[in-house]
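In what comes next, chain A is part of two complexes: it sits with chain B in the first one and with chain C in the second one.
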Partner chain A sequence: MVNRTPVIAIIGAGIAGLEAARQLNDLGYKPILIEKAPVTGGHVAEWNRLFPDMSPAADLVQSLESQTAKVRTMTGTEIASINRLKDGYSLILSDGETLVCEAVLFATGFHLFDASKKEEYGYGIYEKVITNRDLEQWFNTRHDPRIGHPKAVGFVHCVGSRDVKAGNTQCSKVCCITAIKQAIEIKEEFPEAEVYCFYMDLRLFGKKYEDFYIKAQRDCGIHFIRGRVSEVGEAIDGRVVVKAEDTLSGKPVKVTLDLLVLMAGIICNSDAQHYAQQVGVAVDDDGFLKSRDNVGAIVESSRPGIFFAGACTGAKTVPETLAEARSAALAIHRYFSKRG
Partner chain B sequence: MRERFANHFDPFVIPFLVGMAFVLGYYLIGMIRVILQLPKADRKRFLLTLITPKYIWMNIRDIFLNCLIHVKLWKRNRVLGYMHSSIAFGWFMIILLGHLEVILFVPERIHLFYYPIFFNYFVAETEQTIQGSLLMFLMDFFLLMILSGIAIAIIKRFASRIVGMRRTTRLSLLDQVGLYSLWSIFPLRLLAESFTAHISGGSFLTIPANWIFRQFLGNDLNALPTWWAYSIALGVFMCVLPFTRYMHIPAEMLLIPMRNAGIRIRHPRKGFALLEVYSCPACGVCIDACPMSVRKVNCKDATVYLNRQLRRGNERRIEEISDKCLLCGKCTAVCQVGVQGPELRMAQRARRKYALSPSYSGINVRPMAAAVAHGAGGDSGGVLYFAGCMTKLTPSIRRATTSLLDKAGVRWQMMDPEEGLCCGRPLMMAGRSEQARELIAKNAEIIRASGCDTLLLSCPICYKIFKEEYRLDGIRVVHHSVFFEELIEAGRLKVRRNGDLKLVYHDPCELGRGCGVYEEPRKALAAAGELVEAGKHHAESICCGGSLGSLTLGFEQRRPMTQNALDNLTVADPDQIVTACPLCFSTFVHAADRPVRDIAEILDSQS
Partner chain C sequence: MDFGFKLNPSSAVNLDTVDRARYDRLVQLEPDALTCIGCGSCSATCTAAPWSGMSVRKVILGLQRGQDDEVDSMLSRCMLCGKCTMVCPRGINTRHLILTLCRLNRKGEIVR
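Take a look at the complex of A and B:
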């Protein structure tokens, strides 16, 4: 294994994996992308437009894909097992191939919380209840019989995140702004519709996020109701009846809606936990992979040759993920430079 | 037989007499106190049963079967059953036979308390008779039986796993004194009787022992000190008895007649509750049974420790244990004495004074009552379906239930289509029965207004309180699992059986242990798929961990309990987990590795 160009196995060809592959390729290494799904791009490829500039998600994914065209990419490939070698790792792939590499980069991303587990919201039971992902897909395909021409639309924030009952106490970080983005998009699509957002807190930390919120309130007339939805029922005509508490006025509210969008939260990827176990990388109490240091070394694991990028260590926005992918590429470069 | 001593007395009997006088006095005073603490109506009822022949027979039978033979323990664990009944029944027989000996051979001494106990010291054998040797044989036989029981007890104390217990209680200092004095009584008796066996006679145990001792001791100087030791061991045991777990022996003898009389716990420290607390033998079976014990820190919250703290009056711990409990009732199900852990805790919770006590008496139920009266079209009869808050949060259950009602052609209407009131059970569990009663009155008004003849519930929490606390004369209260089973039986509901569908049924606490419904849901499920059993099921089913019973357990603390319950349910590797409680359902959904469904959903999808 000595004196060859270091091979880096990148697990996951979402935006983190693609960006890291691009950087590593430029730095003269030999990255190999392994993707479970038949296509690359991950969750972002399923999205329509990205905040804050409403830039098309497809543009970003396409640009990343074209810049990694030379990188060996194995789609539709799962990892059967990962083993530690003396100074590297060997990956046994689902097609039977064994891949020997000097470093492994986890770009395994996240899972979207299964909204049907919050049964009180009626996803999978009531016709008119969809998730944030369903709505993005509708923006892409314009095909979803559940949506039609709604006159009243509700967004429920924090579905399966910040929810100890659902087993996920962490904040998903991106859903507040995603909900506002989607609410504005719905309002633009159906100007007559009344749009409600049921939230616990609005965590609008990023660049231009606050502007988005003000725009939603002032220009679009979207109603923000602070309080969790307690119960969702179905009226005889198939519309959904939402009961919630407006904690600012201290009164219960009940609205009948044509569409209810659940902002399903970001949870850890269980496959990543499985791989982490095999190579002896620690998993944090929230289920995400544990960095060597949460301030100074987020992209490094406690084990030499294992690196992290993107949402495998916790919920992240797109720009954060891209920045982390570059940072991981540099960390890998430093790792090999030191090893000489 | 002839007596060896003219004055029929020796000072060594004094420790025994002191102990006996103390324990009898203590017990008598305690008994009177408990009876006096009962509310007047209860006391009258109890005293009446004591002179009713039917109850007298029942009491004698139950005391014999439970206190001496330990029938319940035998059913649960044969080794422990043998251990307890050998000691209790053997000891009882030795005392009985001792009296028989005195009556047969020295009837004029029967008034002496200590004579039957120390008979062998006071008499010398003059001739061998059939009945004499038979009695001697029986005495040795029962002594051997007790000694075998003590041997198991010693093994159990140091390696409880051998007798099938994972955890056992940690003993207090006085309990240890009691334990060691109890262990020493019978070996000492064997020694004492062996030393005097060549004078008083003996049988297969004492005669050979006597012969062996005489081979190397050669004199009788050891006899008297051993009889002293035997008496002292008895005296010590009886003197510490009221302050140890062994108080359960006398306490249970009063508990059984009181339970037979139907007395209930009204106050956590008085009357019947006090008796239950003292009847706890601190065996620790409830520790392994308690669903909270999967977390080691919660082992000390089992009912056995509540009883101990109630005896000690440790208020802080009593409150903590009372509030934490899930009220699943499993400790009572496995308890040999039947100590009602949940009822003790609810009585304790009821003592709390709240700064704020909301009143529900002002709620206007007239619109709700009018809605159901209108919905029925003024007709009487039919089914009134109360979904309750938990089923409202699990719309799939409500949908499946109403769909099944339609399929079976049942005339039904919803009691809470829009608005609804709480059934009151959560308040009851929190010890706020006064507020619960207000809600009960309100709900009863709506139900009566509907003119229905059946009240259908899909939530066992509601079902329990509707069944037990509501006075709905003439209206049948039924859980959906039972109702659908009847519809299948009557042929009104056609269910297709899918033999490839492996189902396990989880007994919800409130439905199983709470209301005794075990078989109907299983029968209904067997009609839809292949039913397999969990590791522990029926009365020993494990709480899902989501119970409303606990006032202080957080979700993080409940999670390992849920996981443990799921591990128990999946031992036979079922395809789906089926329950009949919306709360169990929503607790399991978040943690299960396979689909979790309500019984109504299964039946609906297969019909």
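Take a look at the complex of A and C:
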């Protein structure tokens, strides 16, 4: 094992995996991408335009894919088991192949919360209730009979996030800005529509995000209502009736909508937990993989040779994910440089 | 007929039917009003607030929720001192907004 180019198995070929593979390849290592889905790009491949610049998501994915064209990429491949060796790991893949590598990078990303679990919001029950993912897909395909020509549209923040009842107390971090982005896009698409955002707190932390908020308010006249939607019902004409408290005026509010978009949150990917157990890395209270240190070593696990990048350790934006992927590649480089 | 009891009217705001004519006109004339974040700085700094209940925040919100009586009663308490304008983090000229609002009737027509 000593004299060969170190092989690094990257689990997951979302943007984190792709970017790390690109960097590791440039640094002279041999990254191998193992992707369970039939295509690479992960969640970003499902999105349409990305905040904050509204750049096409497909461009980013294509650029990462073309820059990793030389990296061995196994799509449609799962990992049956991972075993620790003396100074590396062996992965048994779903096609029967055994892959021996010197380091493993988890880039397994997140799962989107299954919005039908919040039954009171009626996803999967009422026709006019969709999710953030459905809306991104509609922006891409323009095909979704539920959408039509809405005159009143609502967005529900924090669906499955910050919610003990849903089993996720963490904030998903990207859904406030995604809601505002999508609200603006809906308003641009249907200028006559009244658009409402129901929020508990607006958490708009990133560069240019506040500009989105001001744009949503001033240019688009989107109504922001501070109050968590308590329940959704269906009116006789198939529209949906939303109830909440307007906590700023202390009064209950009710509104009938043609479309309700649920901002499903970012939750941990249970696959990653399963592998983590096999190699002996810790899982955090929120179910995400546990970094060695949440300040100085996010991309490192507590085990030598196991690294993390992207949303497998918690909700991340695209630029954060890419930065972490580069950082993980450097951490891996340092690991091998020290090992000699 | 007297049944010996009465029902309280619902305090719920129905956004389907609420009349926002005055608000819509106000934001045409004062688009910055749209950017209010309900922070309450204006009310906290208002010299009239502790005695009169004046609150620019509640005025802007009340207009959106069709609470015209409350809005008018608050407006009548303002001394137009302009202190609220100095603190608004969104840079809304709240004093000017109050003046503009005083010129509009409930239908949003300029009457003064």
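Worth pointing out:
Definition applied: the second predicted complex is superposed on the first by the 340 of 340 C-alpha atoms of A that agree within 3 Å, B and C clash if a C-alpha of one lies under 4 Å from a C-alpha of the other, contacts with A are read in each partner's own complex, and residues count from 1 in each chain.
Please note the rule applied: a residue touches a chain if its C-beta (ideal position, glycine included) is under 8 Å from a C-beta of that chain, and two chains touch if they have at least 3 such contacts.
Keep in mind that what you see is a predicted model, and the values were worked out from it rather than measured.
In the superposition on chain A, contact of A:Lys70 is made with neither chain B nor chain C. In the superposed model, A:His149 lies in contact with neither chain B nor chain C. When both complexes are overlaid on chain A, the residue A:Pro252 reaches chain C alone and has no touch with chain B.
In the superposition on chain A, A:Glu234 contacts chain B only, with no contact to chain C.
Legend: residue contacts after superposition of the two complexes on their common chain; A:Gln217 is shown touching chain C, with no touch to chain B.
Judged by the touch definition given at the top, the superposed model places A:Lys207 against neither chain B nor chain C. For the contact definition in use here, the chain B contact set and the chain C contact set of chain A share no residue.
In the complex of the two chains, the chain C residues touching chain A come out as 11-16, 27, 31-32, 34-36, 38, 57-58, 61-62, 64-65, 67, 90. Those residues of chain A whose C-beta lies close enough to touch chain C in the complex are 196, 214, 217-218, 221, 223, 226, 246, 248-249, 251-256. Considering their complex, residues 392-396, 399, 554-556, 559, 586, 589-591 of chain B touch chain A.
In the complex of the two chains, the chain A residues touching chain B come out as 117, 119-120, 122, 125-126, 164-167, 231-234.
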